[in-house]
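Per-chain residue numbering starts at 1, and chain names A, B, C and D are given in the order in which the chains are listed.
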Amino acid sequence: MAAKPVKEQLYEVIFGTETPAGRRFDLYLIVAIILSILIAMLDSVEAISSTYHYQFFMLEWFFTLLFTLEYGARLYCSPKPGSYARSFFGIVDLLAILPSYLALIFSGSSFLVIIRLLRVLRIFRILKLMRYLRDANVLWRSMLSSRRKIFVFFCSVLVLATIFGSLMYVVEGVESGFTSIPQSIYWAIVTITTVGYGDITPHTVVGQMLASLVMVTGYSIIAVPTGIITAELADELRRERSNKYCANCNRSGHDSDAGHCKYCGAELNP
Amino acid sequence: MAAKPVKEQLYEVIFGTETPAGRRFDLYLIVAIILSILIAMLDSVEAISSTYHYQFFMLEWFFTLLFTLEYGARLYCSPKPGSYARSFFGIVDLLAILPSYLALIFSGSSFLVIIRLLRVLRIFRILKLMRYLRDANVLWRSMLSSRRKIFVFFCSVLVLATIFGSLMYVVEGVESGFTSIPQSIYWAIVTITTVGYGDITPHTVVGQMLASLVMVTGYSIIAVPTGIITAELADELRRERSNKYCANCNRSGHDSDAGHCKYCGAELNP
Amino acid sequence: MAAKPVKEQLYEVIFGTETPAGRRFDLYLIVAIILSILIAMLDSVEAISSTYHYQFFMLEWFFTLLFTLEYGARLYCSPKPGSYARSFFGIVDLLAILPSYLALIFSGSSFLVIIRLLRVLRIFRILKLMRYLRDANVLWRSMLSSRRKIFVFFCSVLVLATIFGSLMYVVEGVESGFTSIPQSIYWAIVTITTVGYGDITPHTVVGQMLASLVMVTGYSIIAVPTGIITAELADELRRERSNKYCANCNRSGHDSDAGHCKYCGAELNP
Amino acid sequence: MAAKPVKEQLYEVIFGTETPAGRRFDLYLIVAIILSILIAMLDSVEAISSTYHYQFFMLEWFFTLLFTLEYGARLYCSPKPGSYARSFFGIVDLLAILPSYLALIFSGSSFLVIIRLLRVLRIFRILKLMRYLRDANVLWRSMLSSRRKIFVFFCSVLVLATIFGSLMYVVEGVESGFTSIPQSIYWAIVTITTVGYGDITPHTVVGQMLASLVMVTGYSIIAVPTGIITAELADELRRERSNKYCANCNRSGHDSDAGHCKYCGAELNP
């Protein structure tokens, strides 16, 4: 009878956010995640890592053990450990500690590049931060409801980039840096999105005219995703403001002039 | 009496999308188009094409014959072959197979550049994919209804680019890369659309002040197409919502995810 | 009695757009303007102008005489020549022909640079095209009604560019290309407007962090002019659609639920 | 009894904007601030400062003494000098004069860099200009009410930049300029915000594909802040309209240029 309350208390601290202890645990965890990411970043700067290599190594293992402990505790106190382990954040939690252990096993000198890759993967710990962005819901829902229009938009951009890139490959040729069609498509995407690195630029008059057309096209169609998101967001905000809850099915998102729940048809109280 | 049903069956498979066979045909066709485009792309990468040149040549002819067969079948089973051949997709289908055959005829060594051009034109097969983007209708309609405003906007951008480009040609001169007025107009378009390659940049103080003015202008007027599209799109979405009618109280304006009428609570038919 | 009808007929052809002759005159004039601009552009391309210099010279004088004739005719047939000469398009019409004549007088070898400037000013003939963009009214009115908000926005961008530019001048210094505060402000405008030439880039870690802040700021505040224009444009479109005219004061732009004219208070007919 | 009215009169001139004298004082102050900033800017241009160094030095001290006098007068005539000194503009006013005095004390040759920093800080006088942007209220309020959504958006951009930057560090490596993770995150921010300097660009095929993904992502999510601001701004404008009431029929929702009530035709009071 003693084991169960401990497990439940641990569950409330680790998974819950209602109790002060649960909120404090989350806060400490965020700080630990950000610190471990900062160390991974600084470790990649050669001027710093050559001096503090030993300290970084120790801190990395400190955080790895800490997150291992946290992962174990989550598995232990979760009512359904299997479904947690297979959930999105369960996999992210595992991916955040695995690379450091794998770096131990594959530590031959010829595996150095792979180890670097594995170490960098720890940066995915940052994904655990996403859990705390509760206010992202309105943004997320309006993006979700416009996902099909945005998919169509992306396909159009890709088709345009392929056509314009191929034309530029023919018009400009290898001398101007358009060495192949994939390279030219890369240039077209750089131009349509108005990024414009300038590593590949047209030099012939026809190429510059075509490039101008690509730019103006990109400049105009940037309006399309904005229009989609704005229209959906305005709807979402309007509905959020009406703030009407259905007493029957407990769902919100009703228009301000709604008299009945749009999901179950029950009458709404003012 | 046997020929006609075959022709009709073929028509349903090739042109129709209602039967399972028709949908499967479209799917296979899309895969074939994308594969043939990928091969044309990889063929342009010298490091790859020098090794697999023979394989690419065979695959190119395989797809050309396949699309020739498809084009013939479309002409054969269409009730009005002439109007199909003159339709947008009829011309695209022809353009997608013609270059490969033309490359056979004009195969002298002095025609090499033209052959490359013809081969690349095969990339236009990608246009055949557009046929499948059924969800693009809302976007397309809202762009169509704002086409006159967008045309006026483009003219203004061109006039601005011409004036700013000419002024920069006078102010900066040949040393900074502004070698002619068309070149300077190209620079102005690169700047107004906020692409900013950096291949031509102002070096004098007056030129930099003028360039700053061009940038801020471009930064502001990017708002105009966005405003046009957003306003039209919001209208289009509103209209889409008003097309959902309640059979009980005959009122419209329901959300796309609504199951019950928000006014009387009656169930909505899909 | 004969002179007056001729003057009036000429007025209708040159200034009017109601008669077929008036529309044809406008069309011919637009073509002549665009041709004269194209010649000025091609004349600035050295590879072309070195060969066709004589032809360009003759064509330039042909168009100059043509536009001089047109300017004279406008002055002659206008009921109030003085007010036409002082109007915006009167001044533009004069500026479009003056440079060619001034180039005759100041033709010493030491004035060559000024002559080039004067010649390029002919490009302002393009401004005469603006007269024909009748559909620009909705766009123009919505920009006019948001002009104060856009002015406040521009001031904020300038203040931000000045502060960020000065900070970068201190942080980066002369070695990275930030040679003076005006130069650094130019960099800040290039970055805030997301143009990003790349002719001046930060090299220190602090400079790159500051630059990232500038970029994200610019990326966010691009939303402000868009929001202003979109909101005003949506209003303007809504009003245009209601299409209600006041029979008393003959003005449009009323809301769809308006019962009285908002300008004179007279009742509106449905 | 003589001291108090002087203090009050001074208060009305310096802090107030209702009297003509108060408005004139504000105007003169703005001109003085802009002039002092221009001198600080020109002083940083070596070609100019080497010739006019003495004049700039004298003018700098003239303005410093002027602003010191103004700061003293504000402290003297303010009813609560302490709360003014601790207010935002009190601190800005102090920061605008302090650097010049500090440059006197720390004038050893080894402190030259710091002195330059202190001198440049005078540029913050520009912040005093913000006080006069009264029309910024609508913009400011709509940004304030969307500050939480914009914060969530910024966090998402930072998380995306960190993940994409780390991936590019692994994929591209040191040879392409991705020398460390912080440097790669800087590149990711440059790309997501569509600035695109081009000082660091991907060279491998995988890197270019990943970069294309980053660009298209950045191109799409630029829509999110725009959507947020536009939706809030449309609300703000709607609310502004609804603040205009008809005294006769007590209904609101009139356009800003309306002179008569659109419902009953009665004249509207300003």
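Just so it is clear, a residue touches a chain if its C-beta (ideal position, glycine included) is under 8 Å from a C-beta of that chain, and two chains touch if they have at least 3 such contacts.
Given the structure is predicted, the values throughout are model-derived calculations rather than measurements.
Engineer: Mind checking chain C against chain D and telling me if their interface is mostly the same residue numbers on each side, over half, or mostly different?
Structural biologist: different
Engineer: As a quick test, compute the distance in whole Å between the mean CA positions of chain A and chain D.
Structural biologist: The answer is 30 Å.
Engineer: Based only on mean CA positions, could you tell me how far chain B sits from chain D in angstrom?
Structural biologist: Here chain B and chain D have centroids separated by 41 Å.
Engineer: Once you find the CA centre of chain C and the CA centre of chain D, what distance in Å lies between them?
Structural biologist: Roughly 29 Å separates the two chain centres.
Engineer: Report the inter-centroid distance (CA atoms only) between chain A and chain C in whole Å.
Structural biologist: Taking the average C-alpha coordinate of chain A and of chain C, the gap between them is 42 Å.
Engineer: Of all residues in chain C, which are in touch with two or more distinct other chains?
Structural biologist: Those would be 182, 194-198, 222, 226, 228, 230, 232, 234.
Engineer: Does the chain-touch network form a line, ring, star, complete graph or other?
Structural biologist: complete
Engineer: With touch defined as at the start, can you tell me which chain A residues reach chain B in the complex?
Structural biologist: 145, 148-149, 151-153, 155-156, 159, 162-163, 166-167, 169-170, 179-182, 185, 191, 194-198, 201, 205, 208-209, 211-212, 215-216, 218-220, 222-224, 226-228, 230-232, 234-235, 253-255, 257-267
Engineer: What part of chain D is in contact with chain C in the complex they form?
Structural biologist: Within the complex, chain D contacts chain C at residues 37, 40-42, 44-46, 116-117, 120, 123-124, 126-127, 129-130, 133, 135-136, 138-139, 142-143, 150, 154, 157, 182-183, 186, 189-190, 192-199, 222, 225-226, 228-230, 232-234, 237, 253-267.
Engineer: Touching residues of chain B toward chain D in the complex: what are they?
Structural biologist: Residues 194-198, 226, 230 of chain B touch chain D in their complex.
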